[in-house]
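Just so it is clear, A, B and C label the chains in written order, and each chain counts residues from 1 on its own.
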């Protein structure tokens, strides 16, 4: 079901990533203040944006799951959140590297987007223990969906709150997460964003295909066992 | 009127089968005895009939409600007496029954009648944790029939009861009550004597359903 | 539905009055926390930012205790089945549990505020008062909604006592930000109500979002 289009999507992703990397290293100008390390911004920010979209998408898919009762939506939601959490680790790591390069510390509280991302990440980390501590599969899926929806609604609220707080205590340090990028940087940034998004969707489809296949395998195995049982009893 | 209609009912727990191939028909006022060894799926079946668990496959119609789509139609029409008394230990018998009466939107006078019917009117104000198991079971039975349900689901209802208490509850939860009953019990002889329909489960799978069979078939369930 | 919610609420309040489990534990925890902060920060008196932060973090941690115990009676005694079999709207359970938690938090604050004023707060607590109560009320509302939802979500999980704090505390970050930012000017040596409106607004928004969300999803947590 998911394998359709997976090949072309993978190829597109590889091409996009290659193109983006090329732009980052050969096209984008060197930043005057921060130098080469600034280029990590091209990984850090797209990763953050895609991860956040992944979380919100997970929440939307969870809504579909609850309303339709169709568990494939829960699986889609799970994979989206799962991948976003992994990306989240990357966001925090690259964020720390960037912070060290820009401000000399491995972590700073000045950047409201990074700070709220930390809180969101901490929240979503609870997704795994919550999910896997419920034994009944149907209930597990339902409760995970409720969590995904609550957490998804939480993301924008959290960002608003942290931004309000930080703008109060720390005057906003100009960060290049906004739209005021000079032309070359903007193009590189958009290319990286596209590449990251394609990569995410490809990995999402890939994991779903693999999960689907192993589920079908399990089902067939159970069916064979049941038939063997019935024949033995008869 | 058919109270319960089951056809190929199935319930899974992950990959494991909890119930499979369960088919039976129970008319209003009849008693269905569910027999089987521990873990055979008797309690699961009871909870499915109550609307507490949803069936994964097959047809189930209880009191005219299609499960799982119309589970809400069962609310307030089933009397459930399971392993747990579903009562709060820190509250008294009267407080517990009054709470349930309010949940079912019943008149407060029903509580007093129920307490008297199970012989607990004199100790109605003591917290449950100070009462004996048999007394708690009596109060649980009172709770189960408080809202006069047309269907009773009974899981070993006489557990913890002395013969006098069991007799006291007869008009409420026994054949004499006239209600449709599904009875899970290990008292095979007693069940077969009372039952109009008997259903046998082994490993979740139905072995027989219909007129009560002879003792040998029943014993096979326990092997 | 309101009738059922009231019945459930009365039952919960009666149980708490009789067993005296949640509120005394939360109160004792709060006072102990204040003492810990005294030693940890090595300060005799706090005001402004530090006071607001200590007060709110402590209240949130105490709330975790209340949330973890919220469905305890159902789990350990009564069983939720009795409710599920009755003709009761599932939302009634959310309203009842949320209100119960709200009441417990108010009772907690009756102890927490005077203790805070006595043990740690430099300026006079009474100067902060009418506005601080408003902040507390709005924050308690959000705490109650999110707490009831979290309690239900964690109710079936195996490691319940671990999951509740891990789940609840990140969800409460926006509430914490709003409440402590609102309280900070009130707890200064010369109190003021600057920016109170903006933070109360954020609190109200948080409350509305989580109240609506919890009511919408609660049904899915109880059916099977």
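Methods note: contacts are C-beta pairs under 8 Å (C-beta built on N, C-alpha and C of every residue); 3 or more make two chains touch, one makes a residue touch a chain.
Every value quoted in this text rests on a predicted model; they were computed, and no experiment measured them.
S.K.: Which chain maximises the distance between its CA centroid and that of chain A?
M.R.: If we average the C-alpha coordinates per chain, B ends up farthest from chain A.
S.K.: Suppose every chain is reduced to the average of its Cα atoms; which one is closest to the average of all protein Cα atoms?
M.R.: C
S.K.: Per the centroid of Cα atoms for each chain, what is the distance between chain A and chain B, given in Å?
M.R.: Each chain's C-alpha centroid was found; their separation is 48 Å.
S.K.: Please work out the Cα centroid separation of chain A and chain C, and write it as a whole number of Å.
M.R.: 31
S.K.: Taking each chain's centre as the mean of its CA atoms, how far is chain B from chain C in angstrom?
M.R.: 39
S.K.: Where in chain B do residues touch at least two different other chains?
M.R.: Within chain B, residues 54 contact more than one other chain.
S.K.: For chain C, write out the residues touching at least two other chains, lowest number first.
M.R.: Residues 224 of chain C each touch two or more of the other chains.
S.K.: For chain A, write out the residues touching at least two other chains, lowest number first.
M.R.: 136, 138, in rising order.
S.K.: So in the complex, which bits of chain B are touching chain A?
M.R.: Those in contact with chain A are residues 13-15, 17, 54.
S.K.: Could you please specify the touching residues of chain C with respect to chain B in the complex?
M.R.: By the definition above, chain C touches chain B via 3-4, 7-8, 10-11, 14-15, 18-19, 73, 77-79, 81-88, 223-224.
S.K.: Of all residues in chain A, which touch chain C in the complex?
M.R.: 66, 119-120, 122-123, 125-126, 129-130, 133-136, 138-139, 142-143, 145-147, 149-151, 153-154, 157-158, 160-162, 164-165, 168
S.K.: Taking the complex as given, what residues does chain A use to touch chain B?
M.R.: By the definition above, chain A touches chain B via 136-138, 218, 222, 226.
S.K.: Tell me, which parts of chain C touch chain A in their complex?
M.R.: Listed in rising order, the residues of chain C that touch chain A are 149, 153-154, 156-159, 162-163, 166-167, 170-171, 173-174, 177-178, 181, 198, 202, 205-206, 209-210, 213-214, 217, 220-221, 224.
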